[in-house]
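Everything on this sheet refers to the single structure shown next.
Order of writing sets the chain letters: A, B, C and D. Residues in each chain are counted from 1.
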């Protein structure tokens, strides 16, 4: 089923590449050709930078976790499509966040979608982990990844709750897992037995 | 002709990934940053969820059926392009369905395009079935898939007719084949002799 | 340089898939939920059908001709990018054709871009033909393809000239090469010595 | 880690293909169906031509440099994502450049993003160069590429500064590196030891 994995990767790559790129469509050219027009772009631009970073990190970790899958079974297939669904909402929440200038409800929706993406990644990682239940080297790695994933989820949930009272603090929280996931752990990137 | 199959798959993946993702472009950020703005998004959002699910299921089944093709002959090539054409209309009918709040004619068009996608998939499956006419194991599987495909088509046709008098019931019908196709049969996903 | 060819194919597939799919973005959901709204979509829809067909045929023939390339040299690289550039203008001319209801100048631009795509394909085919100058089987095929390509070009040039006086006749002419190219010749699809 | 490289290439191809193609979305069909409408498109069209060429050249050079990577390490991964980020801003600056008719500030932003793309490519090339520190044939080539890259960067920086006083001259400067990079050096395209 190698070809199964590679087509799943190619499809996911396509969807993630388009998600990243259509967010740029929200960056409309300023109406005036002066500094004022450029500065008005700032909140939308900053929300784009945050979302680009988060999506890029998901791509890297998705790449890494699928590289560890033994085959594409129904559970992997559907947890992967579930992840892509929630990621596909990122352009919407990013646009709302930027256009509203980080108002409470849009920020909560932004953090909420980030929470659901994190949870979906948790399920995908778990689905792949089940394929290697008897591989102790993988399980040690899997536990380590699960812990990191769990911390990120807790931060996203806090960010969602926090958004309604302090949107700026919520966005700082949203950026934390990005920093934490900045680099996949060296071991997992190489893969334990590939 | 392995490379022929893989390039056809890659192209179809690209088109389906873009179809799925541009539907999200119809999900415009709410005009106001409050709950009212968010709730106004509901009908467009629900039509997006239904279409995302249908498109994802087509992708899975497309993946599965092309994996069984022996080569890319002219019939496979054109039935595949025909399927992609009808799928490419999904963003249009999805947007109309959502924006009209499931009015009768938009719902009928939505179900009608679903019918044409189902019919196109029938033709593609049949084109691949002809390549393996003398393979009894494949033919047993092919008959089983044809039956499932036929039931889905009948439901979509009913949904199209039903839409003009009861749009809500039509949408429930449209969701049924999605549930039915939720999982490819285990045998076909693995492939009979790969 | 196999990997060179495959990455050039993958990139071209991506660009062509997106070109095909963004044309559907011009198909905006009708403003009203009745038959009147649907019928107003007709000219834009018909121009989409024509362009989808032309783009699909280019994809098939592009697939076929690149399958015959021995390697990616600078001439193949740039004639390929040149073809993609002119194809990338198809969404623009398709939208103008549909929105103007096939007025003379938009129709001439539509046929003009088709002419430039046809000419670019001619150059790409020629660049690949040079790589196999001493292969008589390929050269017989190449001459046959060049003839077909030449006829298509002559028709597109006539369509461009014709558009300014009789746009409807011009569009009929534009559809002719599509019919002619409907199927790649069986020999070339399989490839002479692959 | 071959598969790592190929998935990184595929993802980058996807992003670059979409960047190239969404720029065409800024080319809106003229409001009127006459020559006046067509001529009004000219500045947006010319900015599209320049950006398409620059993006195509980045794709070619990206293709070439990744073909020389031994593996995907964290440095290659992040310098590549950094390059894609700055390239993803090209549709925005291209639209602003075209819509403003090459006013000073939009031209400076256009040249500024080109500078950042050039600098990002420098970092990516350097990250791959580190993987082959003990390969003298590669290092000779690497030095030659670094020199070309450095000249391009210097021109882009001049273009950015120049834009505020003479936007037309700035655009001529922006086109120079494109000409210079028109063809990858023959040696590097083939790759030294592949």
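In this text, a contact is a pair of C-beta atoms (placed from the backbone, for glycine too) under 8 Å apart; a residue touches a chain by one contact, two chains touch by 3 or more.
Everything numeric in this text was worked out from a predicted model, so none of it was measured.
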Same or different residue numbers at the chain A/chain B copy interface, by half rule: different
C-alpha-based rotation, chain C on chain D, 0 to 180 degrees, nearest 5: 90
Centroid-based (C-alpha) most distant chain relative to chain C: A
Distance between chain centroids, defined by C-alpha means - chain B, chain C (Å): 26
Euclidean distance of C-alpha centroids - chain B vs chain D, Å: 37
Junction residues of chain A, two or more chains touched: 10, 14, 18, 22, 25
Residue ranges of chain B in contact with chain C within the complex: 1, 3-4, 7, 10-11, 14-15, 18-19, 22, 25-26, 74, 77, 81, 84-85, 88-89, 91-92, 95-96, 99-100, 103-106, 109
Residue ranges of chain C in contact with chain B within the complex: 6, 9-10, 13-14, 16-18, 20-22, 24-25, 27-30, 33-35, 38, 49, 52, 56, 59-60, 63, 67, 183-184, 186, 189-190
